[in-house]
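The following pair of complexes shares a single chain, chain A, combined with chain B in the former and chain C in the latter.
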Partner chain A sequence: MDFRLTTTDLHALLPLVILSAGACLVLLIDLFLREEARSRVLPPLTSLILLGALGAGIEQYISLSPGSFRFPSERLGPLLTPIWRHQVFTAVGAILLCGIALAVHWISTSWLREEDRPAYGEYQCLLLLFPIGTILLIGARNLMLAFVGLEIFSVALYVLTAMRRTRSRAVEAGLKYFLLGAFAAAIFLYGSALIYAGKGTLDLPDLGAISREGLPAPVGLAALGGGILFLALFFKASVAPFHMWTPDVYQGAPTPITALMSTGTKTAAFFLLITAARLFPHEILPLIPILAIVSILVGNAGALRQTDLKRLLAYSGVAHAGYLLVAYCAIALGQGHQDAHTAIRAILYYLAVYGITNLAAFGVLAWLERREESVLTFEGIRGLGRRNPFCAAVLALAALSLAGIPPTAGFWAKYQVFAAALSAGQTTAAVVGILGSVVGLYYYLRILVALYFEPAPEEARIPAAGFAGALTLGLSGAAILLFGIFPSLLVDPLIHIRL
Partner chain B sequence: MIASILAVLPAAEGIPNPSIPTSWVLLLAALLFILGIYGFLVRRDLIVVFMSIELMLNAANLTFLAAARERMLDPEGQVYAIFVITVAAVEAAVGLALLIAWFRLRATLDVETAVELEG
Partner chain C sequence: MALPVFLILAAGAVFFAANVVLRRNPAECAVHLVGSFFCLAGIYLMIGFPFLAALQLLVYAGAIMVLFLFVIMLLDLRREEPRENPRISTIAPLAMGLLFGLLAVVLPDMPVAVATGRGAVAGAGGAEGGKELANYLFGRHLLTFEATSLLLLAGIFGVVVLAKRRTSRKADLERLLENIEAESRTERKEPPLVGAGSEGVAS
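So, the complex of A and B:
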């Protein structure tokens, strides 16, 4: 067997190579720096590494799109072919995840500086591990590689959640996340083991080449394993009724990490749900619309009675997982691959918009969060429109986009998801989704009311955000509006996605 | 772990027809997995809950090894088991660190005390 890597292989792995080398570099440099030098050297270095990986992802996207300059051969060498997916799909995933990690890094710099003993090296190394794990998960053509990716980013998140280890809420959140996450990982693994026992391989079959009828349904042990795997993925995507951990962990984790969790983990889980769709036995596929409906109901009902904004966004995340599942019905249950590809594009669009929107929302919360975490309720954002118009405007845009109100990107995301489900014949799920969005209006508009129509409390000190944080918020707010007014800016780049 | 070693032993000695049928090993693994789930859901001591997760991981390992033995000692399945052992070690390191941080704050390892985040 030939174990040499070709240049195409290296090209395919470039974002991962940059991130892994960068993570090691950050840890090494951290050892040799004085306390005050760390805060000057490490954050810009991390930005540079993430920008490099983002650039590599964009370059991959361009060279893989049809009609552009191509490398002499875009076929992978013998070593990577069976395990890696060198496709536009992976490049889009890499761009999304590197972008999310970069935004979280920028949001968190001022937060990190306020800590008693800022642990720059550890924090930034773990932050770089997150996109490594998720990109591995997205690009994997083999379930074991996907599992390793899943564990890399999960372990990084467990540690990041409990980073402030003298605070009892952070450690409680970290412990809960760890126990339930490890439980889900073990279930995932046992499902994979049963699939291996049934089929003798852990390869993920391609989605587009074969319609659902073209591929024999998984039977016996493989079907059982597929079903178990399916549950573990729903857990990671926080689909109800597997969402129990979400509100507690979101509330207890540091706000920038909550942003990373809510956007990055959901993105990765849905990418894997897409690539693993053919492993699921046909008997459980009718469950997907039901789970979508349950998620939408549970998420919206839970969010209605929250006063803590982080918990509210956690329940809203459960509802959004439900909306994504509505489109996923079209992949799992749709008939031709035309339906499946429309739905994949709708899901990727939704994930991108949801990522930008949630980063904006959590970015504002991270900005407002004082060290004692007292302002993260409706009480804390009252009258923010007058106290800090910029923060209020970004949060208002994010709330409108999450609610799916027309001039924002969230409207087009919801539109595409429901349109994909309707064209695949999933009427019930789509109708419940639309009704659920109407219910959701109530609590998103409550945020707007608190921002603009309620008097500000007496003492009103807003901490400084720092340049990077303000830049991230400005960019994400602008992106919400821009993609809302010109949705084709984000729709067109997804046209070339094939699986 | 002992069970997973037993599963490969006959094959390692070059016996073509292993004495224990694969279905028995798979059944044992399934029992271990269910035992792990039961322990995770029912036990209150965090260490035992953590051990239950390890039990589930080893059930998966046993399944991989049994299936690999069934398929003429397919190296693929055996390598997967090594991956799993590595990942389990990583999880154990992080998990025990979290347990220590928790114990320092609360001086107990009872699951029921994790109630600060509610709402």
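So, the complex of A and C:
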């Protein structure tokens, strides 16, 4: 057996190498710094590492796109070929997740400073471990590697959730998330074991095969295992009825971490849902539209009754998982190449837009919340349009984009998802999705009303945001508008996703 | 001949594993875990993986269990009061029992690929087992192997972050209790688990 790593192998793993070396570096440097020095050294270092990984991802994307100069050739060596997916698909995932981690890092710098004893080293090392796990999950060609990736980012999230140990909500959320997450991981493993028993391999089939051969039926044990495996993935993507943990955990976790959870975890879970699509048992394929419809109904109905904004966004996240599943129906149930192709692109587009939008929304909440520890309700954002026009504008844009109203990117995301489902013949799911987003208008517009049409309370005080936090909010707000007016900016790069 | 032995070993593995969860004394749990490992090793031996069976005994039943026991002895554990949670204690076992009962009915009819030699490490039996296993682990799964080290780092690091005393454990607990009281004053909500912060994670 040939054990050599080639240069292409290293090129393929570059974002991972940068991130893991960076995580260890942050951990080591943290040991030797005094309390004051940490706040000056560690955040810029983390930004640098994440920017490096993001750059590596973009470089991979460019060199993998057709027509580029390939150095020396983009074929992996014998060691990585069976286990790693060196494709535009992985590069897009790496870019998305490094971008999300970077934005979360920037949102949390000013937020961390307000803590009693900011734990810079710990926080940032765990923040760097998150994209490592998710990128492993996305690039894996083998369920074993995917599981290790899943566990890495889950463990990082459990700890980040419960890090504020003196807050009862954080401890409660951490414990709930840990117990349920560990259970889901066990289910994932059990499903993998059954798949191995049935098929004799843990390899994930090639993406291209989905479109060439459609979904062949895994039989017997492998089908059973596939079904069980998907339960765990639906849990991670908070698809109803596996969403029970979402509101409590979103509410209890520190707000930047909630942003990470709602965007990063969902992105990773849907990437694996796409690559594992052929493991789904044929007999219960009709369940996917049903799950999509249930998620949309449960998410929207739940969000209607919330007064706490983090819980509201949690339920809206369940509804959005439902919209994503509507497009996923087209992969699972559609016929042939074209359907799967369109649907995968629609899902990736949606994930990118949803990520940007949710980061903007949670970024504003993290900014407003800070210190005062109070739960952030509609009360807290009343009259924000006058008190802090910038914050209010970003939150308003995010709400409009989540609702899917035209000049924002959210509209095109929803449009593509429903168009993909309709062209694959999934009319029922698409219609329920459209109706669901009309219901969703109510609670998103409630945010707008509170922002601009209600008087501000007297004593309200807005803390000053750091430069990085404001920059993130400004960038994501601008991106929501930009991709809304010129959707091709985001559609065109996704065309190179090869099947 | 093989079937009864397998059934005994499998039943033993499940019995011991269940006891790991059900026993209240952590040291007892650890000993039951050893029992479960032994049964698993027996099953590996039966399906022709002597090398794996030896590893299972040496590494898990030997090294790792000793480590577990050390940690349990070093932690200052108090006797745990039996807690009552009637809803969970009736519904959950029933649901799990149903699920596994269903599996027990469905599973035996299904063809198994590993036993028929289609498995990827099917050749790992016999005297050459070590070499095959090493090739598999450090060749094909080198990346997985390396990623596991990051997973372990994340796990260890996480425990340290959550269990570390920044001030003192007592002060931490007191602040947690204060926060809980303040919250239950402002809203009528069932207080969450007390003391789950430092101690729950450390054990």
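Following the convention adopted for this analysis, the second predicted complex is superposed on the first by the 488 of 499 C-alpha atoms of A that agree within 3 Å, B and C clash if a C-alpha of one lies under 4 Å from a C-alpha of the other, contacts with A are read in each partner's own complex, and residues count from 1 in each chain.
Following the convention adopted for this analysis, contacts are C-beta pairs under 8 Å (C-beta built on N, C-alpha and C of every residue); 3 or more make two chains touch, one makes a residue touch a chain.
As the structure is a prediction and not an experimental result, all values here were calculated from the model.
**Student:** For A:Glu172, decide between first (touching chain B), second (touching chain C), both and neither.
**Tutor:** Both partners.
**Student:** Who does A:Gly220 touch here: chain B (first), chain C (second), both, or neither?
**Tutor:** second
**Student:** In the superposed arrangement, which partner chain does A:Ile132 touch: chain B (first), chain C (second), both, or neither?
**Tutor:** It touches chain C, and chain B stays clear.
**Student:** Considering only the touch criterion stated at the top, classify A:Val159 as touching first (chain B), second (chain C), both, or neither.
**Tutor:** So A:Val159 meets both chain B and chain C here.
**Student:** Which partner does A:Glu122 contact after superposing on A: first (chain B), second (chain C), both, neither?
**Tutor:** Second partner only.
**Student:** Per the contact definition in the header, classify A:Gln251: touching chain B only (first), chain C only (second), both, or neither.
**Tutor:** first
**Student:** For A:Glu369 in the superposed arrangement: first (chain B), second (chain C), both or neither?
**Tutor:** After superposing on A, A:Glu369 lies clear of both chain B and chain C.
**Student:** Touch check for A:Asp339: first (chain B), second (chain C), both, or neither?
**Tutor:** Once the two structures are laid over each other on A, A:Asp339 reaches no partner at all.
**Student:** Name the contact category of A:Ala186: first (chain B only), second (chain C only), both, or neither.
**Tutor:** First partner only, chain B.
**Student:** Looking at chain A, which of its residues have contacts with both chain B and chain C?
**Tutor:** Touching chain B in the first complex and chain C in the second, residues 144, 148, 151, 155, 158-159, 162, 165-166, 168-169, 171-172, 174-175, 196-197, 200-202, 221 of chain A appear in both lists.
**Student:** Touching chain C in the complex: which residues of chain A?
**Tutor:** 1, 3, 13, 20, 23-24, 27, 79-80, 82-84, 117, 119, 122, 125-126, 129, 132-133, 136, 142, 144-145, 148-149, 151-152, 155-156, 158-159, 162-163, 165-169, 171-172, 174-175, 196-202, 220-221, 224
**Student:** Report the residues of chain B in contact with chain A in the complex, numbered from low to high.
**Tutor:** Residues 26, 29, 33, 36, 40, 46, 49-50, 53, 56-57, 59-61, 63-64, 66-67, 70-71, 74, 76-77, 80, 83-84, 87, 90-91, 94-95, 97-99, 101-102, 105-106, 114, 116-119 of chain B touch chain A in their complex.
**Student:** Touching chain B in the complex: which residues of chain A?
**Tutor:** These residues of chain A touch chain B: 144, 147-148, 151, 155, 158-159, 162, 165-166, 168-169, 171-176, 178-179, 182-183, 185-187, 189-190, 192-194, 196-197, 200-202, 221, 247-248, 251-252, 306-308, 311.
**Student:** Give every residue of chain C touching chain A within the complex, in rising order.
**Tutor:** Touch residues, chain C against chain A: 106-107, 110-114, 118-120, 122, 135, 138-144, 147-148, 150-151, 153-155, 157-158, 161-162, 166, 172, 175-176, 179-180, 183, 191-193, 196-198, 200-201.
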